[in-house]
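Chain nomenclature is as follows: A, B, C and D, assigned in order of appearance, with residue numbering initiated at 1 for each chain independently.
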Amino acid sequence: MVTGPALRARVSEAGLAYLLLLPSLVFLATFTYWPILRSIYFSFHDVVLGSNKIYFLGFENYERLWTDKLFWKSLGNTVFYTLVTIPCAITVALLLAVALDSKLRGMTFYRSAFFYPVMIPSVAAGMVWVFLYAPGYGPINSAIAALGLPKVEWLYDARWALPAIIFMSIWKYAGYFMLILLAALQMIPADLHEAAKLDGVSAIDRLIHITVPLISPTLYFVIIIGLLHSYQIFDYVYVMTQGGPADATNVLTFYIYQNGFQYQDIGYASTLANVLLLFVGGLITLVALVFGRRVHYLGR
Amino acid sequence: MATLQDPIELSAPATSRGTLLALRTALRRNWLHFVLLPLMLFWISPLAWIIITSLKSRTEVFDPNAGILPAVLQWGNYPAAMAVAPFGTYLINSVLATGGILVCELITITLAAYAFARLNFPGKNILFTLFLLQIMFPIYATFLTNFVTVRELGILNSLPALIVPFVASGYGTFMLRQAFRQVPTELADAARLDGCGHLGILWHVYLPLVKPTLIAFSIIAVVTHWNDYMWPLLVTNSESVRTLPIGLGLLAKSDSGADWTRLMAATVVVVSPLLLFFVIFQRRFVDSFMHAGLK
Amino acid sequence: MSVKSTISHISRRGVLLGGAAAVAASAGLRSRPAYAAPDKVKVQFMYPVGVSGDINKLVSTMISKFNAAHEKIEVEAIYAGSYDNTEQKVITALGVGDPPATWLPINSALQTFLGLDALADVTDKAKKTDIYQDFIPGFLETAVSDGKLYGLPFQPSTPVLYFNADAFKAAGIAKPPVTWDELLEVSKALTVRENGELKRWGLTIGGGWHDWIFECFCRQNALVPWTKDKVLFDKPEAVDALEFWVKLVKAGVMPPASTWQGSANDFMAGRTAMLYHSTGSLTNLRTSSPFKVDVAFMPKNKTFGACQGGGPIMIAKKQSDAAIEASWTFAKWMTSTDVQSQWGRDTGYLAVRKSSWETPEMLAYLKEVPQAKVALEQSAYAGAFLQVPGYHKVREYLKSALDRTLAGEIKPDAALKEAADNSNREIQRLLRRRS
Amino acid sequence: MAEVVLQGVSKSYQGKPTVHAVDLAVADKEFMVLVGPSGCGKSTTLRMIAGLEDITAGRLLIDGRDVTHAEPQKRDIAMVFQSYALYPHMTAYRNMAFGLLKTSSLSKPEIDRRIREAAEILHITHLLERKPNVLSGGERQRVAIGRALVRQPKVFLFDEPLSNLDAKLRTHMRGELKRLHKELGLTVIYVTHDQIEAMTLGTRVAILSDGRLQQVGAPMDLYMRPQNTFVATFIGSPEMSLLRCAMKPNGSGSVVSHPAFTTHVPERADAGEILLGVRPEEVIVGPADGTALACGRVDRTELIGSEALAEIVVGADRLVARTPVTKVPPLGAEVGISFDMERVRVFDAASGRVLSRL
C-alpha cells in the first residue's frame, strides 16, 4: 500500500530518529549496557573484587539468594520503604506544588525552603538527622515530649529506625518532586482554572478533576522516578545506620554495595543487582499498565 | 514580584465595623500562609541547625545547658574547615564537572526525547525501555566495570572521568519526553508549514515551550552531580581534579564522631552556590512561563 | 603508568568505543603529572581520614617533608575516604593491575590483601633494622601473618573506656571501674531516671563498631575469638561476654543499640556517663565535651584485653624492586621515632615505637593530656582485630547476632553459634577459592 | 491562478483505510468547504493537502504541479488551525513573521509591510506586540488568519477555525472570512463539521462520510438535490424526515404506500422498499379531514423564533413539520398532513441512493 516516496519519508523519519538517539546510545552502551552485560556474566561466576581469577559457578549465586535471609529482609525493607515513602512524598509534593503555583507573597522563599533539602549533600544531611533523631536530647524527641507523647529511640530501635529514615527521605525528596510538578503546573493553561473557578468548583475538586488529570504525564513520571529512586536509596543507610540495628535498615542497594565493595563478592553482588533490575523492571511495567493508560497528554 | 494580596489593603484603616471584617478578610486571603508557614519552619529547621552549629564552638554543640544560639559567633570555623583541603580547586572542579555533565546531558536528552516524543520508528518502545534501564540498574553495580572502562579510555584521574558515565540520561530523556508530549501537535504542524524541519521545530517550538521542564531538570541534574561522592572518590587521585563532596568527606569521618562545627561550616559552603543557583533559576521559572497558555 | 601506555590504550579502545573517543581526546585535561624526573621513583600513598579533617593537612606536610628529604623518591599522597573507601579504591585498582605503591588500610584487611596476593613481604628488610625491637609488640603483631611481616603499623587505636569525670564526682564515685562487676555497679549508680524516663545511661557501647569492642570483651575473658582461618564466636568465653552485655541491658544501664556517630554525640551531650569508643576519638571528645573527660582501661574480667583498630602502611608486591625499596623507605620514615611522636600528638593515635613515647615532646604532651597514656598502657594487652578472610562479612554476621541478642530476639549462645557457623562457611568459601 | 486537484487521494493508517480515493477539483478563488461528521476523514484530507500527512495513494496537484510528496513549505499553502496554533512564546508580530523569515527571502521591511497590511485588514494592528496568552479567542483567531495572509499563498487551508469561538463571535467571524475571501480573492479549502457554516461560507461544499466523498456542489444544490440519504439528512436543520414505504411502478411514475397513506410520485423504479424524504417545510399541516393525505398526532412542538416545529407521529414514523407560529397545532391534537410532492425525494431503501426523476 505504501508508495515509494511515502515510504522514503517514513524511512528518513526513522533514520533521523536513530541519529538523534545515537549520542545517548553510545554513552549508554558504554556506561550502562556494558556493565549490565558484565553483571549478568559475573552472576554466573565467582568473582572477587581485586582478583583476576574467575570461576564458573552456574546458578549457585542464584541458589544462594533463595536461602539468604538477609537478602529477603533487605528486599522486604526496600518494599516497605518504597510503599510508604513514594505515596507520602508525592502527596506532600503535589500539595506543595499546587500551593506554591501562585503569586503568593514570599514565593521564592517558600520554594527554596522546601527544595533546599535536595541540595544538602547526603553525608551532611545524614549526620544532621542523626543528631535530630538523637535519643533524649534530640530536637525531635524534645518536640515529641512537648506534645506529651512517649519518646522513641529512633535509630537505635529496630522498629523505628526504618520509619525514621523514611521520614527523613520525605523531607529530603518532597521538594524534588515538588519542583518537577511545579514545572508541569506552569504548562497548564490558566484559563482552565479560571473557568472552573467561575463555575464554582471547589479548590479540592479543582485539584482532583482538573489539575491532576492535566499533569498526569508528569505525575506518572514522578511515580516512576520515585520508584526508581527509592531503590537507589543508599546514602542515608550508609551514613546513618550502616544497615543496623539488627539489619532493620538494610535495603537492597546497600546490601549490593556491601557484597560488592565490602565483601568483594562481585559475583553475588551482580546477582543481586540483576534480580533488583528484574524486580524494578516488573514493578515499572506494572505501574505503566495501571497508570500509563490513564495518562492524558495535552499534545495528542 | 507581583502579589495578589496588597499589603496596604490588609492594614487598611478599619471603618466602623471594619476591624473584625478586615481580620477575617486577612485570614481568608492569607490562609495559605497559615498552613505553609509552620510547615516551612519545620522544613528549614535542619538548615537552621546546620548554620547555627557552623558558628558554635565545639563544646557548645552538644552541651544541653549551652542554649540554642552560640554564645560567641565562631566565624573561625569557616576558614578552619576550608583549611583541611584545597576547597578553591575543589569548587572549580565541581563547577566544571557539574557544568560539563549538564551541558552534555541537555544535548543528548533533547535529541533523544524529541525522537521518542514525536518520531515514529521501528523499535521505539524497546529502545525507550533500554533508556530506562539506566535508572533501573543500581549505580554501584556499574562502578567496577566503568572504572575499568574509564581506565582503558585513559581518562582515569581527570575531569572527563567524572563526566562520561553521566552524559546520557535515561531520566532526563524520560522527563523531557513527557514534556514534549504535552506540547500540542498543531504547533509542530504550524511550524512545518512555516518551513521548519524537525530540528527547526525542536529549536523554535519545543525547547522554548518546555523551558520550565528544562530548568527543573537542570536544577535536579546539577544538585545530583554536585553531591556525587563515591564515583569521584574512586576515579580521582589528585587534589587538582577532586570535587567538593570529597572535601566534605574529610570532615565527616567515621572513626571518632563527626567534626560537627567544621562539617557544618563546610556544608554551608558547599550548598551555598547551589542555593544561589536555585533561587535565580526558580525565578525565571515563574517569570518567563507563568501559564504560557498552551492550548 | 607511563604516558605511552595510556596513548596505546586510547588508540585501541578509543576507536572501539566510537563516541567516547571525543572524551578520550580531551584526556589532555588529565592532571596527573605526566612525567617525573627520570631518576625519581614515584610512590603513591592512599590513606583514609578517620579522626580529623586536619589529617589531610598533616599528611600533606609529612609528605612534603619526606619528598624534600629524599631526592630520588617522590611520594604522592592520595586521600581515599574512610577506611572502607580506601580499601575499595585500592582493591579496585588492584583488580586492573594498577595498585598504588603503598596504602593504609585497617589492620583487619590483612588477610583480604594476602588473599589477593597483593602484599610485599618485608620481614627481611625489617630484621635489618630496629623495628622488631623498638615497635610495641601488640602493634607490630597486627601486620604479621604466619610469622611474616606485611607492613608497618602506622596509626593504631584501641577502644578505651571514656567517662564523664564530672558525673563521677557528682555520684561520689572516686575511680573508674576495673572489673566487669564494678562496671555493672558503677553503671547502675550513674544511670539516671526521672519518673521512669531515662535521662542518662550509665554506659554506652559505641554501635557500628561494637563487634570490635565485643572482641575486646572476649579477650578480657582470655579468648582470641578467631584464628587466621576460622572464628570462635561460639566458645563459652564469648557467650559469657555477650551474656554480660545482656545483663547490662536488662539492668537498664545500657542502651541495646547505638551508632558510632550517635554514641559519641550522646556522650558529649551527657546522655551517657561512660562510653566505649576508639582512642582516635580522644581529641574530639576531650575538646567538644562541656565537662571533664577522662579515660580508663576497659575493665577486665579474667584479664585485661583489647584489640587494635587502625592500620599499617602496606606495600604492593607487584612492582619493581626499586619501587618496593622506595616504598619501604617511605614506610620506614613514616614510622620513625620523631615522625610517630609528632603524629601521635597531632592526632591522638598511638605512636608505634617505644622510643617515640620517650621523646621530650611526647613526655611534655603526656603531662598535659595524661589520658593519652592510658591507651598506650592498655595496648600491652592488645592484639589484632578479626584478621580472617572476608572479615567484612564476618563483622556483619557478628554485629547482627549482637544486635538481635540485645534486642531480645534470640539467646546469646544461639546467636553466636549462628554467627560463627555463617562466618566459618564464608571463610571456607573464600579459602577454597584461593586454593 | 490557484487550482487544487485531488486525484484518487487515499490514506490508510497501519493498513486501515481512512480516506478512500477522493477526487476533488478546487477552482481558483473558490471557497471550498469540506464538511462531514467527526471522523469522516475531512481533516485528514486537509492535512494531506497541507503535506502534514503522507498521501498513501493518489495524486495531488496544486496549480498543475504534482506536490503529492512535496514538503509542506514547498506547496505554497497556508493553514489556520482549530486551536490557532500560535507560538505561545512569540508576540503576534513574531508569530506572523516567523514563517516568512524561515521560508522566504523577503527583506525585513517587506515582511514588516505585509504584516502591517494584514494587521490593518484584520484590525489587529494594536495587538501586534502582545503574546497569545493575553489575547481573546477572537483576537487569536485573527492573528492566526493574519499569519496565513502574510504568506500570500496560493491556497488557504482552514481546519475548523471557528469551533473554539462563542456563537456570536462565530457568526461575526464567518462574515469576516466571507469578506476576506471576496475582497482578496483567496482560494480557500475549509474544513468544518458544522453544516450551517458550510452552507453559509462555501461557494461549493464537499460532503464526506466514512472517508468517502458523498457529493460536491453549490450549497443550494446540495440542499435541493441530495444524492443520497446521508447528504439529505446531513444538510438541513432540522433534518429531513425519512418515511419507509413500499413502491410499485404505476404508469409514468410509481405508487408509494405507507401504512398511513398512499400517494403517487413521478420517480420510477422496480418494486421495492423506498424511503420518502420530506423536509420540514415540505409538510403541510391542516385539519384532520378528508382533504389531508394522512393523519397524525402532534407529539412535540418547539418554537424557533418566527416559526415553530411540530413533531408528528404518522403510523410508526415520526416527521417534523415547520409551521408559522400562529398556526401551531396543540399537543396531542390529531392533524391532517400533506406533502409538497414537487419537492419530496425518493431514496432506494437498500443503497440510500436517490431515485432519479424522469
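The criterion applied here is as follows: contacts are C-beta pairs under 8 Å (C-beta built on N, C-alpha and C of every residue); 3 or more make two chains touch, one makes a residue touch a chain.
Treat the numbers as computed from the prediction; the structure is a model and nothing was measured.
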item	value
Co-neighbours of chain C and chain A - touch as defined	B
Longest centre-to-centre distance from chain D, chain (CA-based)	C
Innermost chain by mean C-alpha position	A
Pair of chains joined by more contacts [C-beta pairs], A-B or B-D	A-B
Whole-Å separation of chain centres (CA-atom averages), chain B against chain D	54
Centroid spacing, where centroids are CA-atom means, of chain A and chain B in whole angstrom	15
Separation of mean Cα positions, chain C and chain B [Å, integer]	37
Rounded Å distance between chain C and chain D, as computed from the means of their C-alpha atoms	87
Contacts with two or more other chains, residues of chain D listed in rising order	133
Residue numbers of chain C (touch at least two other chains)	17, 20, 84, 88, 92, 95, 208, 261, 265, 269-270
For chain A, residues that touch 2 or more chains besides their own	10, 23, 26-27, 30, 49, 127, 131, 137, 190, 261
Chain C - residues contacting chain B, complex	6-7, 9-10, 12-14, 17, 20, 23-24, 26-27, 29-32, 44, 46, 49-57, 76, 78-85, 88-89, 92, 95-96, 98, 157, 208, 260-261, 264-265, 268-270, 277-278, 280-285, 287-290, 309, 348
Residues of chain A touching chain B in the complex	10, 13-14, 16-18, 20-21, 23-28, 30-36, 38-39, 49, 99-100, 102-108, 110-125, 127-129, 131-132, 137, 139, 171, 176, 179-180, 182-184, 186-192, 217-218, 220-221, 224-225, 228, 231-232, 234, 239, 252-253, 256-257, 260-261, 266, 269-270, 273, 276-277, 280-281, 284, 297-300
Residues of chain B that touch chain C when the two form their complex	58-66, 81, 83-85, 143-144, 147-149, 151-155, 157-160, 163-164, 230, 233-234, 237-238, 240-241, 246, 249-251, 253-260, 262
Chain C partner contacts - residues on chain A that touch it in the complex	22-23, 26-27, 30, 46, 48-53, 55, 70, 127, 130-131, 133-137, 151, 153, 155-158, 240-247, 258, 261-265
Chain B - residues contacting chain D, complex	184, 186-187, 189-196, 200, 204-205, 208-209, 291-295
